[in-house]
Every structure is written in C-alpha cells, then in structure tokens.
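We call the chains A, B, C and D, going by the order they appear; numbering starts again at 1 in every chain.
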Amino acid sequence: MVQMMKNVIIVGATGFGGLGLIEILLRHPGFRIKQIIARKDSGRTISEIFPHLAGFCDMKVSAPEEIDYSGIDLAFFSTPDRAGMTMINDFYYKHIPVIDFSGDFRFGNIDDYGVYARNKGIDELHLSPEVLESAVYGLPEKFSERIKKAKVVGNPGCFAIGIILGLLPAVEAGIINCETIICDGKSGVSGAGKNSGEANLYPQRHENINTYREGRHQHLVEIENVLNAAGNKKHGILFVPQVIPLNRGILSTIYADPEPGYDTKKLQELYSDYYKGKPFVLISGRSPNSSDVRGSNRCEIMPAVDSRTGKMFIVSVIDNLMKGQSGNAVQNANLMFGYDETTALKMPGFYP
Amino acid sequence: MVQMMKNVIIVGATGFGGLGLIEILLRHPGFRIKQIIARKDSGRTISEIFPHLAGFCDMKVSAPEEIDYSGIDLAFFSTPDRAGMTMINDFYYKHIPVIDFSGDFRFGNIDDYGVYARNKGIDELHLSPEVLESAVYGLPEKFSERIKKAKVVGNPGCFAIGIILGLLPAVEAGIINCETIICDGKSGVSGAGKNSGEANLYPQRHENINTYREGRHQHLVEIENVLNAAGNKKHGILFVPQVIPLNRGILSTIYADPEPGYDTKKLQELYSDYYKGKPFVLISGRSPNSSDVRGSNRCEIMPAVDSRTGKMFIVSVIDNLMKGQSGNAVQNANLMFGYDETTALKMPGFYP
Amino acid sequence: MVQMMKNVIIVGATGFGGLGLIEILLRHPGFRIKQIIARKDSGRTISEIFPHLAGFCDMKVSAPEEIDYSGIDLAFFSTPDRAGMTMINDFYYKHIPVIDFSGDFRFGNIDDYGVYARNKGIDELHLSPEVLESAVYGLPEKFSERIKKAKVVGNPGCFAIGIILGLLPAVEAGIINCETIICDGKSGVSGAGKNSGEANLYPQRHENINTYREGRHQHLVEIENVLNAAGNKKHGILFVPQVIPLNRGILSTIYADPEPGYDTKKLQELYSDYYKGKPFVLISGRSPNSSDVRGSNRCEIMPAVDSRTGKMFIVSVIDNLMKGQSGNAVQNANLMFGYDETTALKMPGFYP
Amino acid sequence: MVQMMKNVIIVGATGFGGLGLIEILLRHPGFRIKQIIARKDSGRTISEIFPHLAGFCDMKVSAPEEIDYSGIDLAFFSTPDRAGMTMINDFYYKHIPVIDFSGDFRFGNIDDYGVYARNKGIDELHLSPEVLESAVYGLPEKFSERIKKAKVVGNPGCFAIGIILGLLPAVEAGIINCETIICDGKSGVSGAGKNSGEANLYPQRHENINTYREGRHQHLVEIENVLNAAGNKKHGILFVPQVIPLNRGILSTIYADPEPGYDTKKLQELYSDYYKGKPFVLISGRSPNSSDVRGSNRCEIMPAVDSRTGKMFIVSVIDNLMKGQSGNAVQNANLMFGYDETTALKMPGFYP
C-alpha cells in the first residue's frame, strides 16, 4: 500500500449501492471519493440524504452534467439498468476504468444481454456493444487475473454471486450428475433498491413471503454462462427466487445429483480445497445463517449430501448489499489497483 | 346444524395451538368450550395469559388432575410431543374422541413413530401403541371418511400439510417421474411455539434466515407415508426446512420431474380437478404470497412446469397456525360431528 | 335485526381503509356491498388487487363515473383528503348518508379545516362548506345520538381517536389541572396508507423509529376541538407523533397533572364509570399491549397516577385500521341504521 | 498512541454486551483481548457461540475459576446485576481497573443501590459497599476527568444515557421551569439481553408495543442523581419506558417547561455550545431517526420549543448496544488509558 491515494467518482451515489460504496470507501486507505453524482438529488449533500453520514461524509451531490473527469482513477456506476450505458462510454474512451453495478456490462455479447433484458422487462437493445466485448465479469474468486487488467467490470447480480460461488467447485470438478440444477433463492427486500415502489412498502412486505419470476429471473443468464464456461458439462438452472421479510441477506439452497461416491465429507473437502486462499469464502459444516454474514463481505457455504436420497444440497449465504454488491465491487477495485484484496473489507458482520 | 352444542375440552390450552382453537371455537355455533387445561398456568384465567381474549373468554385454566370427563364430547390435545401420550388413553377408553396436535398419533405403527422421535431427538418408545393402531391421520382433503369415524385423530405437522397438499394430485396421478422430490420449506417463527427458547428471541430471529435439520426434519416420515400410500410409485423426499423472520406462514417450494407432456396448463387442470369441492384448497395461476392466507384456513397452491428445463415446481402456502394447526383441527372436528366442513372457518385472511 | 339488508357503496375501495370495510362487511348481516369504486384500479376485480379475498369477494372495481346511485343506502368514502370532497355533495343532495374517512368533514367550520389543511400541507380551501356545517364527528362513544341522525359523518383520525378516548373522562370531569396536555403517540406504518411512498419502504422503516410533525400533526385540531367542547376548561395539546416498525397499531402515552386527591385507583374508577356500557372501550389495570387489540375494534386504556411525581399518565392502544378507521366506521354505520353497535365487530384480536 | 498494547479481560463475554466489546476491540489498536470469561459457555470458542466472528476471533471461553490476572490492564464486566459484584473486588484489590455494565457500581451509596434494586426486583443488599464509594459513573461527556483516574467505572444504563445527555445542557443552565420532567422512552428488544425469556420471543414482540414499569424503571435513580447533582434546581423524573419491535435503538422524547424566552433557536444554541468538542453528541435541527445512529456510538439530540404551547421537548436517539453500552464502555476505556476518545469508535452507522 505504498501507492498514492486513488481518486474515485461514484455515479448513482444516492441509492443503496452508492451508499454501500461510501460506507466502505470512508475506511479505505487507498481510495478517496472525489465526486458523487446523482441526477435526482443533485445540489443536496449526501448527509442530507443519508443523515447517518453527517460528519463523516458531507460532500455535495452533483448532476451528471457536472462530472469532472480530471484526475479520476476509477468510476463506480451504481445506476439502474441502462441509466449508465452510454455514460460509461465516456469513461471508457477516456481510459478511466469503470465498475458497473447494473446488468449492462455483465455479458460478453448482445444476445445474452437481450435475454437478460427480456427477463427483466427492459429494452433489449444494447447501446455500447463495443464496450461489452471488453467487459469482465466481476467475480474475483474466479476471474481475478482478468479483473486486474479490466477496463470495464460488470459487478455480478446479488443472487448470481451466491449461487455461482455455491456451485463453482462442484461444476469445475465435473461431479454434478444431472441436467438441471435447482436453485431456491431467498432475498431480503433491500435487493430491490431504495425506490422500489409500493410492492415493497413495510405493510406489504412484513409478514409475507412470495415467489416471483420463477424460472425467468434476470440473473439466470449470468449464472448459466459462468458455470457452463467453467465446467465440462452443460447444466441448466431452474431458479425460483423468493422475497422474505428481511432487510439484508440472501440464502440460496441449491439441489443437484452428485456423481457416485460423494458424501458430505468428500464434498466439504472439495469445496475447502477450491476456496483455499480465498479470503471471503468460508466453507462451513454448520447450517449457515444470513445473520452471520450481515454487514460483511463473506460468503458462507455449506455443501452436503443427503444420505437418505443421495442428493447433494448446498446452502450459501451472503449480505446482498456487501458481497452481493458494494463489498464485491471494492474487492474488484482492490484487485484492479494492486491493493490487498481485503483492504477495507476485513471485518466481521454486525450482530445482533 | 340442528345438532345440540357439543362440549369440548382443550388440554394444553395456553400455547399457540390452544389459543388458536379458542379463537376459532368462540365463533363456532356447534362447539362450546367446557374446560381448558394447562399445568403450568392452572389457576389463572385464560385472559390473564392472553389479554386480547378479555371479555370474550375469561375461563379459568385447570390442572390436568382437575379434568372433568362428564359431558365431554371431544378433546383437543395441543400438548407437546409425549406430554399427552398416556392422558389420551383415558379419553380413548372413556370413548371420548381426541384430536391431538403432536406427533404422538400421526403414525400407524411404532416403527414410524421411532423414526419421527429420533429425528426430533425425543424418546422413541411409544407408550400407547394400541391406540396408535386406530389413530387416523387428520388430513381432511384425503381422509375425510376415516376422520368422520375416528376416535383419535393425529393432526398433521404444519410443514407436512402444505407439502402433502402440494404433491397429492401429482403423486396420485402417477406423473412424477423421479425418485426424489425436493421440498424447500420456509416457516415463520410461531411454528416453534410459545416457549421455544432463546434461539427464537426477537434479536436473534429478526434479520435472519437459516436452514436446519436438513434432510432429517421430523415431518419427513408422515410426508413420505401419506404420499407413498397414495400413489403407485415410491418417491423419497429431500426436505430442507428454513426459518424466516415471519411470525405466521409457511411457503414450500417443491421440485420434481413430470412425465412427458405435462406443461403448466395441464398441471393446473389436474390440480383443479383433484381439489374440486375442497373448500380450503385454492389452485392459483399467480405466485402465492403467504400473506394471502394469513389468518385463514386456506392452502393456496401454484403448480407449474418450467419450460426451459422441463422441471415441475409447486408453490404452496398456508398459515402454519391455521391450516397448519388449529384451523385444520376444527375442520377435522366439523367432519367428526357432522357439521359443515367450513363452520367457523369460512373467512378470508387478514391484510395487511 | 329484522331490517332488510342495506346496500352500501365504497368509494376509494382499494386502499387499506376500503379493504378494512370489505373484510368487516363480508361478515355483516345487515349490509351488502353493492358497488366498489376506485379510479386507479377500475376494471380489475378486488380479488386481483387483494388476493386473500378470492372466493370471498370478487366484485369488479368501477370508476367514479360508473357510480350507480340507485338503491344505495349508505356510502363509505375511504378516499384521500380532498379526493371525495365534491363527490360527497352528490350523495348529500341525493339524501344518501356518507361516512368519510378523510379529514374533509371532521370540522364544523372552514377555519378549523384550514388549520388542518395547513398542518398537512394541502390546499386549505374547502369546496363543500355547506355540507361541512351539517357533518358530525364520528366518535360513537361521545356523539352516538348525533351520529344516528347524521347525513355526513367525518370518521376521526386514527391518532385522534385513541387520544380523545384516553382523555375524555378526565377532561369532562374537569380533573386535569394544567394548561398543556402532552400526547406522545406511536403508530405503525399502515397508518400512512397503501401508496405511502419511498419513506415507508421496508428497508427504510424496519429497525427505525422517528418523530415527525412534532407539535403540528394534522390530528391536533380535532383533538383540541372535541376535548375543549367536552370540558369546562381549555387545554392545549402538545402532540409528538412517532412511527415505529409495526404494521398495525397505535399506542399513545398521555401526560397531565391531576387535581389533588386523584390516585390510580380513583382514576380507574372514574374511567370505568365513564365507559360503562361502551362495548369497545376496556379500562385496564395492566400495561396495554398493541397486540392485544390487533384486528379488533377495541380501545384499551390504562389510566394511572405516578405516586412519586403526582403526574397522571394514560396509556391507550388501538388498531389504527380498526378502531382507528374501518371498525369505527362500521360502528358508526351500525348506529345510523339501528343495528346493534357491535354487529360484525364483536370478535377478539388475532394473536400472535 | 505510542503506548504499548494493553491487555483486557472480558467477564460475561457471551452476552450482547460482551459481543459488542469484542466487535469493537477487534479494530482497536491499543487494546488486546487476553481472556474471555463466561461460566455458561466455558470450553467452547467464542466463534461457536457467535459464528460471524469465525476467523476474526476464535478464542476459547474460560470459566470464572480460570481467570488469569497476570498482565491484565483492564477488566470489562458485562455480567448481569450482582453476578460480578464480588468478583470485581478481586480485580479492585489487585489494582486492575474495571468497567462494569451492570447497575452494581453506578451509585455512590448503598441507599441509591437499594432503590435501584427494588425497582428491578432484585436483592437490595450491596456486597461491596467499600468499592461502591470509589466507583465513578461512566458518562464521558460529563465525568471525563474522574473517569481518567477511576478504578471502577459503572457504565450507565442504556435508557439513562440517552435521557441524561438529552437533559444535561438545559438542567445545568437552570432553564427548566417545572418540577417534573417527563421522559417517554422507546427501546428495541436487544436491551433485554440475549437470554431474556419468552416475553421476548419473535412472535410475542413482533407487531407489538407496550409500556412497562411505568414510573419505576430501574434507570430512574441514576437519571435523577446525575441531573440533580448537575443543576441548581431539583427535578423529579416521570419515566415511562416502552418496548417496540426494533432490535437495536432507543428514542427518548423528553418534555418540560422552559424558562421564558427560550425558543427552538436559542435552545439549539445552548445545546450546541454545551456539547462543543464532544465527538459523540450531534445536536440536530431535524427529527432524529434511530436508524441514523444504528451501529455507531453517536447520540443525536434535537431540542425544540413548541410555539403553540410553550413546552420544550427534546428527542434523543442512541444505539442501545453502542452508546448505550459497549461503545460507551470503550469510550471510557480510551479515556482511562490516554487514547484518543474516539479510537475504534469513529465510524458512521450502518444503513439500511
């Protein structure tokens, strides 16, 4: 950490993603927030919008037109889908690396983006296809070498990151013996963002759990892409997402058939070996609780085989706003700038 | 409903199960609560324990030694496992029918009880094996004829009822084309009861989801028993239960392979036909919300086939304290005494 | 109850207020819902909007233009402030009685309405001043005789009803010995309604309590009006409202100085005497819990004197959507049509 | 911070208080946890008990008999009332300073302790009266000079700290013009601790608010003691505590009469001046939210005068487990060892 402080800009700074970045970067010795951008809130200070930041970060929020590119070393885009798609071009052609939180740059080609967009119900025409080609999927546990050199990083979807980390060791080892892998995902409400509409009002989300977009959630494409590129076999994913009355946290329960000979012990060894040296993945022999990773960048995974039925099941928990979003983005940024991967992220969750 | 009022006794009246019975029976035109029993709270009135009952039910709670059998037409036991096992004998031999909420009388033989008890971590020696033989599993949608004549009804487990109702049509039609059916269950905290210990304190359950007893939950035995007796094929169940920060409600997501030719439309028709005339099952084409059945005796089921992977998945929601417990028990009682099955249960949930 | 069924129309039927009416009227033997009106949701069925009503109420929602006045005996308006102000004229001049949930008809003169409107930040010009003059404040415990003959009833604000009921006996007895009465109110989130904006999203309301509109909440006017008309002394109210992470429920803690000689026992007697025969007020010697009245039309009140300081304090709890809104409205309707005041409202809360 | 690392022992390490200390001390550059003690959990590692600590703190929990006094510079006691009363003697006579979280050492004499104990319903005989005499009340904003030299610090009660900080400037300025000050307190459930019994189970605390120990909460004594010693006038406190369905956080609303001439502006100036240079008190002109201080050591205070009634009201928020407990204790420890008062505590809360 003998490098100079690097200057970052956060575009879309006043949503939960931008806020998460600010909270983490305030304790980061290698990054300095130089400008924060959000059209809707421009002119106010960030601590008017998030009063808990008062005294810690009282920067003014600027409009996109006021972006000052000079001296910027890194741009974070925590804008909604398509909102930053063309703005990112400007940074790209000015050779300023970008980490984007939306689905805009998670795919290597416009076809996959099209499926993503149709699943999410948004316009499927990509406006920066040339940037798309050089974008890197921001999963540090798998693509750290590419991320280190990346110009545009597509930070993964929150559900995607927990599910991919839960499956990578088994998929790469080729020990999944079935066509379809079942992913049953449960997410807290903050995943829907700060302006997520009346369906997410307190009275309508408390005391409620429901499934939604069963089999056609937008994170499906990236999950299948990464897994099928990683392993030798092709697997389809049936993903049924659910919202539960939790603020933060995702727990995914994943079901598949293992090759013969795999029991819980052998599976745990495989997983522990795979993630050896990965500071943010914890392979566990006890049932994971989402509260054990709340506020931390950790993904805790319990792989197991049910002796009665022979099925394997994997339980994976993350904090959707940390490892599922801002924490993972800072981990990517650390890699891109040669900082220790855990800088500003090495702290336990927050309990109770 | 020209019958005389029937007198009931509730043993274990001061837990959530007993309370649920009281709330329902207060509006039932055919049953009168004659005595309420609970060792721990004896001597107090029920409205001291549950103040919302003040003015509606202010009966004194009596100790088990004070049970007065005279004139009792029906006994509800909402006691914990094994607590009522021998007391129920007394009612049985006095020819007073019993509906029991525990697992004590859900099985036709002591071996199944043994597996149940081992899964739950309790003593596996059954103390009333002779009564066990004549006990009926209290699932009215399947066993109404037997329930009408039953002397002892084992009211099903809350997870079991949602899962069995979600699978019965497909299992009986023989259209499940795989050995293992995957049941991913999510329950609110009230399922653990009123004295469920420090793991269920507010600070430790809010903002948390976790799996537990994966593949070895005590409701597995009754689920497999009922389904395998109903269909021509044998299926094993992999059941992974989860607790979520909800008070009431269970949502189960069930995964299996269908026989070729089954799509969502055909599956929905099969389910709608199967439950025609069943007043408490609603087959739905929209994603069920647990809040849609909160406070009601309804089980809402969405059966579907994922066109991408060909898997079938079924989503089932109940209120664990109503259709999953007291509501179902009163439905059984209605059948046993010739009342309309829906008496005192025909009301929508409670929203928001 | 030998009367014919009366036909009601609900205008603004798809908010929480309208829903509450539907849930209650479904079990009311004397009212039949003839039409439900809501501009935004017109053309859909009510059970598409509130799926828990499926099978219980599947009426189509109509637009205001489609209102059919023929055969209507009573109109409920659960519209936002000012939305029904002129529509109510039409009913008024057709001699159809109206119960309105907004603040539009809670005041006997345009000046008070003006203060109300300024506190709430809405236009202060009243559009139906002539109707205002004949409107009755819908507090059945105080104005039942006027309500029975009323043509337009202004159903009270939710905070107002709990506070007024908590203070009436002391104010009328003239035993409050201070100029200013302090009312510290805490409300669940549903009070803000079904479309209450991003401040009430789950992530932003869970784990949060805050004060708001301290000393200038819009319910202040009606509280001071009713109390100062009831007693011989003039009291000012300092009302500090707070939102807590609760769905339903209001607990108000009220502080004042009593005349010498009043201790808890004497105060409880005064309150018990005052509310003798009032079916929905329970004077209690134990600390009230909002959960004891959840889902019921009850207001539970604990009056007390602190022996150390000599202050009196009164704790009052209601369900803001029941006694604080729809339940109270049906109680008014019962009075207006000669039904027993408790018809369709005589049930305990719902616990846990 | 050129001092050597200091060694601390935590007695009662496995409750929420001990956990809070561990979370903070893990990031403290001047303190090292040398031993953690808890009878109930001895023999296990702390990360078995709190799995989110895995990899961050995996120390073994020892029994009280295993306490190793050698090289210990400071002892934290986060034991329940009376559990550490005599053990603290041992540290005291070995000249090891102690910070105690219970009420045992918050009072300068046994009479006050007696009132405290009676209010709390515990034995009122103090077992270490000689230590009591030299104990210092651990409120750094008021007693920093005494704390720096203290041998035993009684860390304040959580409600007490928010209320005292909210009143000190006005009381010391002598501008409160009434005998009784009204304190309406609302607390989250974690204040009751990790083993707080069935009244605090999730189903029984969700969707509920209630008052308790009105006028006789155990924190009354310390509040009146500190305030009456600080000002020239004597004030009595009427304190009505309430529990709300929140995990962390206390909001207190305080009501009093100001001397003539005080409006909101003048009051805010008084408060801002008083707390100038106090790093953890923020005087605010906006309505405080408990979520703005969640996870931080900040106390945010809004003082105001209601222009209609002339009353003053003060809103104060803290995180009951931080400024209300562990955070404040570390702030005391920083003072005692000459560290910057904010060491390990200078971070914003955690949102959403």
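The rule is short, and it goes like this: contacts are C-beta pairs under 8 Å (C-beta built on N, C-alpha and C of every residue); 3 or more make two chains touch, one makes a residue touch a chain.
Please read all numbers here as calculations on a predicted model, not as lab measurements.
Peer 1: In the touch network of chains, how many steps separate chain B from chain D on the shortest route?
Peer 2: Minimum step count, chain B to chain D: 1.
Peer 1: Can you give the whole-Å distance between the Cα centres of chain A and chain B?
Peer 2: About 39 Å, centre to centre.
Peer 1: Can you work out the whole-Å distance between the CA centroids of chain A and chain D?
Peer 2: Each chain reduced to its C-alpha mean, chain A and chain D end up 37 Å apart.
Peer 1: Please set out, as single numbers or ranges, the residues of chain B touching at least two other chains.
Peer 2: Counting only residues that touch two or more other chains, chain B contributes 16, 188, 190, 194, 203-204, 206-207, 245, 247-248, 289, 291, 294, 352.
Peer 1: Quick one: do these chains touch in a line, a ring, a star, all-to-all (complete), or other?
Peer 2: Topology of the interface graph: complete, with all chain pairs in contact.
Peer 1: Of all residues in chain A, which touch chain D in the complex?
Peer 2: That would be residues 16, 19, 23, 26-27, 50-57, 190, 194, 207, 247-248, 282, 284, 286, 289, 291-296, 347-352 of chain A.
Peer 1: Of all residues in chain B, which touch chain A in the complex?
Peer 2: For this pair, the touching residues of chain B are 179-180, 182, 184, 186, 188, 203-204, 206-212, 214-216, 236-238, 240, 242, 244-249, 251, 253, 255, 287-291, 294, 302, 304, 306-311, 313, 315, 317, 352.
Peer 1: Taking the complex as given, what residues does chain C use to touch chain A?
Peer 2: Counting only chain C, the residues touching chain A are 16, 188-190, 194-196, 198, 200-207, 245, 247.
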